[in-house]
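Naming follows writing order (A, B, C, D, E, F, G and H), and every chain is counted from residue 1.
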Amino acid sequence: MKAKKEEIARLIDSFEKGQLSRVDFEGRIADISADEAEIPHAIIDLGREERAGFIEAIFGAGKTSEQVQKIFSAFVEKKGRALATRCTIETIKMIVSEISGCGHDNRAGIVWYPERIEPVLETVTVVAGGTSDVPVAEEAAITLEFGGARVERVFDVGVAGIHRLFGRLELIRKAQVVIVTAGMEGALPSVVGGLVSAPVIAVPTSVGYGASFQGLAALLGMLNSCSAGITVTNIDNGFGAAVAALRILKRRNQ
Amino acid sequence: MKAKKEEIARLIDSFEKGQLSRVDFEGRIADISADEAEIPHAIIDLGREERAGFIEAIFGAGKTSEQVQKIFSAFVEKKGRALATRCTIETIKMIVSEISGCGHDNRAGIVWYPERIEPVLETVTVVAGGTSDVPVAEEAAITLEFGGARVERVFDVGVAGIHRLFGRLELIRKAQVVIVTAGMEGALPSVVGGLVSAPVIAVPTSVGYGASFQGLAALLGMLNSCSAGITVTNIDNGFGAAVAALRILKRRNQ
Amino acid sequence: MKAKKEEIARLIDSFEKGQLSRVDFEGRIADISADEAEIPHAIIDLGREERAGFIEAIFGAGKTSEQVQKIFSAFVEKKGRALATRCTIETIKMIVSEISGCGHDNRAGIVWYPERIEPVLETVTVVAGGTSDVPVAEEAAITLEFGGARVERVFDVGVAGIHRLFGRLELIRKAQVVIVTAGMEGALPSVVGGLVSAPVIAVPTSVGYGASFQGLAALLGMLNSCSAGITVTNIDNGFGAAVAALRILKRRNQ
Amino acid sequence: MKAKKEEIARLIDSFEKGQLSRVDFEGRIADISADEAEIPHAIIDLGREERAGFIEAIFGAGKTSEQVQKIFSAFVEKKGRALATRCTIETIKMIVSEISGCGHDNRAGIVWYPERIEPVLETVTVVAGGTSDVPVAEEAAITLEFGGARVERVFDVGVAGIHRLFGRLELIRKAQVVIVTAGMEGALPSVVGGLVSAPVIAVPTSVGYGASFQGLAALLGMLNSCSAGITVTNIDNGFGAAVAALRILKRRNQ
Amino acid sequence: MKAKKEEIARLIDSFEKGQLSRVDFEGRIADISADEAEIPHAIIDLGREERAGFIEAIFGAGKTSEQVQKIFSAFVEKKGRALATRCTIETIKMIVSEISGCGHDNRAGIVWYPERIEPVLETVTVVAGGTSDVPVAEEAAITLEFGGARVERVFDVGVAGIHRLFGRLELIRKAQVVIVTAGMEGALPSVVGGLVSAPVIAVPTSVGYGASFQGLAALLGMLNSCSAGITVTNIDNGFGAAVAALRILKRRNQ
Amino acid sequence: MKAKKEEIARLIDSFEKGQLSRVDFEGRIADISADEAEIPHAIIDLGREERAGFIEAIFGAGKTSEQVQKIFSAFVEKKGRALATRCTIETIKMIVSEISGCGHDNRAGIVWYPERIEPVLETVTVVAGGTSDVPVAEEAAITLEFGGARVERVFDVGVAGIHRLFGRLELIRKAQVVIVTAGMEGALPSVVGGLVSAPVIAVPTSVGYGASFQGLAALLGMLNSCSAGITVTNIDNGFGAAVAALRILKRRNQ
Amino acid sequence: MKAKKEEIARLIDSFEKGQLSRVDFEGRIADISADEAEIPHAIIDLGREERAGFIEAIFGAGKTSEQVQKIFSAFVEKKGRALATRCTIETIKMIVSEISGCGHDNRAGIVWYPERIEPVLETVTVVAGGTSDVPVAEEAAITLEFGGARVERVFDVGVAGIHRLFGRLELIRKAQVVIVTAGMEGALPSVVGGLVSAPVIAVPTSVGYGASFQGLAALLGMLNSCSAGITVTNIDNGFGAAVAALRILKRRNQ
Amino acid sequence: MKAKKEEIARLIDSFEKGQLSRVDFEGRIADISADEAEIPHAIIDLGREERAGFIEAIFGAGKTSEQVQKIFSAFVEKKGRALATRCTIETIKMIVSEISGCGHDNRAGIVWYPERIEPVLETVTVVAGGTSDVPVAEEAAITLEFGGARVERVFDVGVAGIHRLFGRLELIRKAQVVIVTAGMEGALPSVVGGLVSAPVIAVPTSVGYGASFQGLAALLGMLNSCSAGITVTNIDNGFGAAVAALRILKRRNQ
């Protein structure tokens, strides 16, 4: 048990000196916690976010619920806020029951604290074509809100029913940045890009079957968009799109 | 020279007995003609078209101008009409200068006779997203007209400027079949499919660069269309889409 | 509980005003039902089908049995009929035990109501090469019957035993549209396309192993068919092929 | 000759009414010009740019030198400026010899007028890893300058000699947007993205051989960047990246 | 000049001792001949063919006409026969004008000596679907004849006109081995394999366009054949299929 | 229950008249048996095997243990022998416990009856590179023995330890046909093909990880073999390779 | 039971005579052990390692815990050391509880004996970009230590935070060989390769999602590295990289 | 003209200060030389090679003969040696006629100075399977000799004639590093890797056709080699393999 404590102390040391990245710090703490060690919450503290310019999130995939919960708690205690993505429902339940005041979205696999963060940045509109794209869209939207942006959600506007998009144009046009998630053929960003002059970030989703090849069809579609000036993220990477939008918003305010 | 005549006689024989397909007949005549033999035009005649139910065309790719011209002439003489696709400009020039009364389209690589065929079937609307898709769209449109269909062309309606599509909706909606050609991300058929109830045949084109991978992006996009009931042809296959539409129109009239 | 009711009321409102697509409406109702809310069946009602020109189906994949059942019931109650595709056996059992008078096919994963719908449209022949392709072929056939078409099933005619196909030619030739499903090398549509003059819609299935790459081999085979005028749908998309056929049949009757 | 004039008049008409997109307008004028018609320069004029929010460029690929030159001249005459991308050296020579005051870059295949445009927007830094990536980087840089942005070029900083990048950090960090072009393994955007907080747009180039698969390796590398918030364009799409950056800069100034 | 002679002598030495493969021997002689050296024909002689059990051919691709001609002449002089594949028309012309008594096929790119070889082995039937597949089929057929097999050619039997295949069944069934070449969707081997009990070797050809991906569609189709017991060669590899058939025929006669 | 009996009677009827293939017959019987119907074993009997020239096997994948067992029993009862491939261990156990005198191989997933079949054909040598390839090799070997061939197994000869192959050369060279299974880089057939003059059939296996892409690397390796005259089957298709070898052996004996 | 003993005796015999490879020996012993046979540990002994020049490891994937444990024990007993890779946690637990003095790493799936091996070779530095790459990096590191190398681990240095790499340069530069593992875009080896003159072996990992395509992105990135002289192994092949490094170190000492 | 001189002076300045990489320096000089500027040879001089630890080469692809020649001359003048790869025959001729004492290899596209460099490092054996792989093998061999290594060439040992490899084993085994180039199925490195204990670097070549997919088959084959400890370079990257070998040899001597 003592060995673990020493190891933890050593890790924290390295972390504070900048010799250890947050990702690695998290990983190692998580490893130790797998063996039931206590995470010494009191010592997590660093000015990383300010320097790096974008928000830190706990990537929940491949970690046990207990591991995510412990790191999440440490963030909450020391920094007053935390965001965990790609969490299982079990993980979310564990965190929510442990820490009061969390927000969570089961379909998107996200939990965050505090539930409500005052928006200090401008508006990003997040568009989703179909219901199945909503988890990825919510990953983007919640990350944005956590990062201080205002978010408008426009979620019921697929290309197959393009008339509905037009009813929402005002909402879309008032955004500083538009994030568009779509699966299957990934055509929605092209349509949106032709209608607004704001930056458009396209997120292909793995929604589909057969020749969608887990999002490849949507990805290629977006890269070949006939609307100029659209940029693309990895498949299902709502978080990445949100960080890209936050980079834009924050740069404006410097 | 005699051997050639005998070979030709033998070929015609086989062809009339149905032992030799038109494609093979053409190929062999073309081979012989490459050695300067005369094609005995007078003997090409068969009831194939009525039986097979769709139009015959000379596939110009991989044949010399002279070969295509000779076969084209034989068709004109015996059947009173002919259609050749994927021709070089040289081929078209040679045929047009040889036979008066031909129609031709240099960009689409098509030449046909007679220039004007009275439409006896209903309307097919051929939609093209961008100027670069027009050659494929024209391959479809001319094939349709040659096969007896009325054709409406709606060629200036890309997804990136979707509002223009709406001005043409009446034109599109009056069609019995809609053929939509598009390159790059191939999104146009999804949009059209959501707006009309007629059958929609999507033709991906090889227009694009980089991650369009010579039409693969458009092909995958169309196969994954979120509008139900859209069917797809091979890349750049305007001819095939037209034959599919003619199958539909002709079946109605039986 | 009240919040849910209000949310439901709001959703219905949006749905009736056309601000919300059926797909999204379904998705949201399903989300709420996941939390045990009652779905207010009485209020689902809209003229969508007539406008859009093709049938509506519940896509069962990714929904719980209870969710599908609730939406299915709502359709039955309000519209007098319902179709759900890609259902698990559990879902089918739940619906069948709940609502008397349903038809169902376990292998195809489909359940529909009422069991028998009077055909009002012409005949579509659905061809399947092997036993493994039958679920996809049945997805097409049942969708067609649900949409009002007469259906002939020709299911025991693989390319490896091509003589059997010839015994069925009359059956195939009397169709207004032919749908051909095939896995592995996907050669059947080419053969059928050379024998009939009706429109042929090819559906690649994911049947196979190794270098079939989950249906890619069949898809490429069909796109490159040497029979002119064959069109193709996404892998395993029997529903899409049926809707394409219904588009053809319905357009004829307008 | 008269028919052509009428056709041109008709095209202009459609164009001014917004029934014809600029792309299509260009294409049709180019077709006609191929037959030696005069382009009536005096009538090209529209408020498109202001509405669409980004610059219009002539896509030179697939057009003859004469066609590009005529359209370019029309733009210059009516709008006082023009930009043509993907031009051959012959095209550039023809334009430059015809119109005095043009800028041009042979390696990037770009010609523009007037040579110097006063920057009214903030700074975008364009980074290129190797000499071979410079043409794509210049396509981005010149497009940006044409669109009114200030541009800093940082062109000699490959990942294999990462120390050189550090000497330029100040230059990179002062940008509002950073565009990074790279071929081969496409690693440079990840490195840059970890060093700056501004939005980073990554452009994969087709530079490489063997398993670079014409830019696919770089494209995948950038999509999977371990630096959060990087977005990607199509392979070799420097123009698209520039338009994306202009969308960001212009939105700030609204 | 002396150095070359010595080098040649050294090569022959190595070749006769079995230290140098024929392929390498050829390559090096060809290199030297590129510098106008004389090939000492008199010394090429080896019992390789008997040992290895299959015929030797000169692979003409990537060699100059003169190089192929010199090696061909050496074979003729010493072994009394020679076969060169993948030759340009120029190469064929040069050889044919140099050596009397050669057979040649311009479309297949093959030249051989002597023109007529007495068949000593049983019959192989070579089937080709379309005219475009004939060059590959002829590469197989001529290689077989050169190797001593009787060959039946059945070249006008595509899947799209399957009835013609049936008229030839007797011809196909009398073969000891059947080689089937086909491009586009590559379906013909499946059909043939279901009709005959002899070994069937399938050769995909690169004939096609768009989603044929240079023969990939045909290759995948054949590997997934639903007829059991079909084996496949590389795309366009008619020579390899012939050698495989000769392995079968020769093994029978041992 | 009566309906089922009638259905079964109808199926048998169709089967005996040749209107129903064995595959489909099997499939339908299996479907019915899923509902606990009795399979009327006494009536399965047909001369198919003699006509088709190769053995019939039950493809166990995707069938329940009970279904495979019932069909297997029917074969045993009526034809005196049966072979089932791709069976789970549960299926094998059920059959073995039900029918005495079966042979079985758990790793290869095969069960057959009777355990020992007298060889009447010549020798096929089945070569496997590594232990992991043995299940596929055994699928081939057992199918061959079931079909009447003599089989030599040479299973411990990978390319990485090529010297061991040489100790077995006599064994390999005495075969009339050689089947070579290999995963990973799939190099073994090239080596064997250079050492023997008999026909060589290569079977790529899905053994490997990472860039083996489930057997794609081995498949491509074998198709590009530098040993002439090697033919290839689908990935893991030991059964197909055996049928191809039986086609060769049986043709010899006609 | 007796039959098994005899079989085992026969296997050992073959193994000692070099007729049976270790891999096959293992596989067969494992098969027998699956049927509860005793493995006669006392007889495993051979001079293979010295001859082959690199270490032998038990590949745990696809073997039961019991099988791996028995082979491991045999190695320990006879050779005094053993290494098993790709083991499940269950396998590791079983071995560790059975044999005292083992080292093990659960995340890397490795167990070895004895825990500490005295380094006799020079230093290899193993670099890992992110925490997720550590299991592959540890597979390399532990294999190296087992093979007698000194190992330096540099695990917290991703490209996104490149400054941390520079703090470790001394550590990296003192290595005789550097192994760099990285997932996602796989950029780290390029950076390291530009900073050190030692041989750099790059190991792509399957870490990532979406367009990482299970390590393909990282693999392509590394193959296209702009740093000259970097070589690459299969995806996740830490063991292979270690053996490659040991080949270098051992060759030096000969 | 003066502007150019100043620009050149500026470039040299940057280059000497290390602000400009050699690659970029070359590129810019080449650009200027395209406009007929004089390259001031006298000033190229830097200690780069000693620092970076591997040789510098001029990459000839994409440069004009004149550009390569000028840079080559500058290297010769200032450093006393030069190496240019991927040169056209024209480039080689120009350099050879300009500078006496060069070595050159037309097939490999390489020219170097001085013709003979005294070997100071140990032996690398370069193995090539077929004649077509020799250019890539020579790229490796000449680079090695230029870098100071002794080189043994073993060029006539394909997998299809594996016995020839064995006659060369002593030659291969005496190497400190073995480089193996192979196209088609890329099997040779596996065989070599099983026979020697030295480090083996595999270079896939683009030799092949059809399903070789320009070297992809060989690349995948080598990555999946069943011989442990083989590492791989990009397709056709003989230069990279040589640099990797030099990294090994030089590290030994430090």
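Throughout what follows, contacts are C-beta pairs under 8 Å (C-beta built on N, C-alpha and C of every residue); 3 or more make two chains touch, one makes a residue touch a chain.
A quick note: this is a predicted structure, and the numbers were derived from the prediction, not measured.
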| item | value |
| --- | --- |
| Both-way neighbours, i.e. chains that touch chain E and touch chain C | B, F |
| Chain whose average C-alpha position is farthest from chain G's own | B |
| Furthest chain, CA centroid comparison against chain D | F |
| Copies chain C and chain F - rotation angle from C-alpha fit, nearest 5 degrees | 90 |
| Chain centre separation (chain F, chain G; CA means) in Å | 36 |
| Where chain A and chain F are represented by their mean Cα positions, the distance between them in whole Å | 50 |
| Centroid spacing, where centroids are CA-atom means, of chain A and chain B in whole angstrom | 49 |
| Residue numbers of chain F (touch at least two other chains) | 130, 158, 161, 210-212, 216, 219, 223-224, 228, 234-235 |
| Set of all touching chain pairs, with the criterion as stated earlier | A-B, A-C, A-D, A-G, B-C, B-D, B-E, C-E, C-F, D-G, D-H, E-F, E-H, F-G, F-H, G-H |
| Residue ranges of chain F in contact with chain E within the complex | 52-54, 176-177, 196-201, 219, 223-224, 228-235, 239-241, 243-244, 246-248, 250-252 |
| Contacting residues of chain F [partner chain H, same complex] | 129-130, 158-162, 184-187, 190-191, 193-195, 208, 210-213, 216-218, 220-228 |
| Complex interface listing, chain F residues touching chain C | 18-21, 23-24, 26-28, 31, 61-62, 204, 206, 214-216, 219, 234-237 |
| Touching residues on chain H, where the partner in the complex is chain E | 107, 130-132, 134, 155-156, 158, 161, 164, 167, 209-212 |
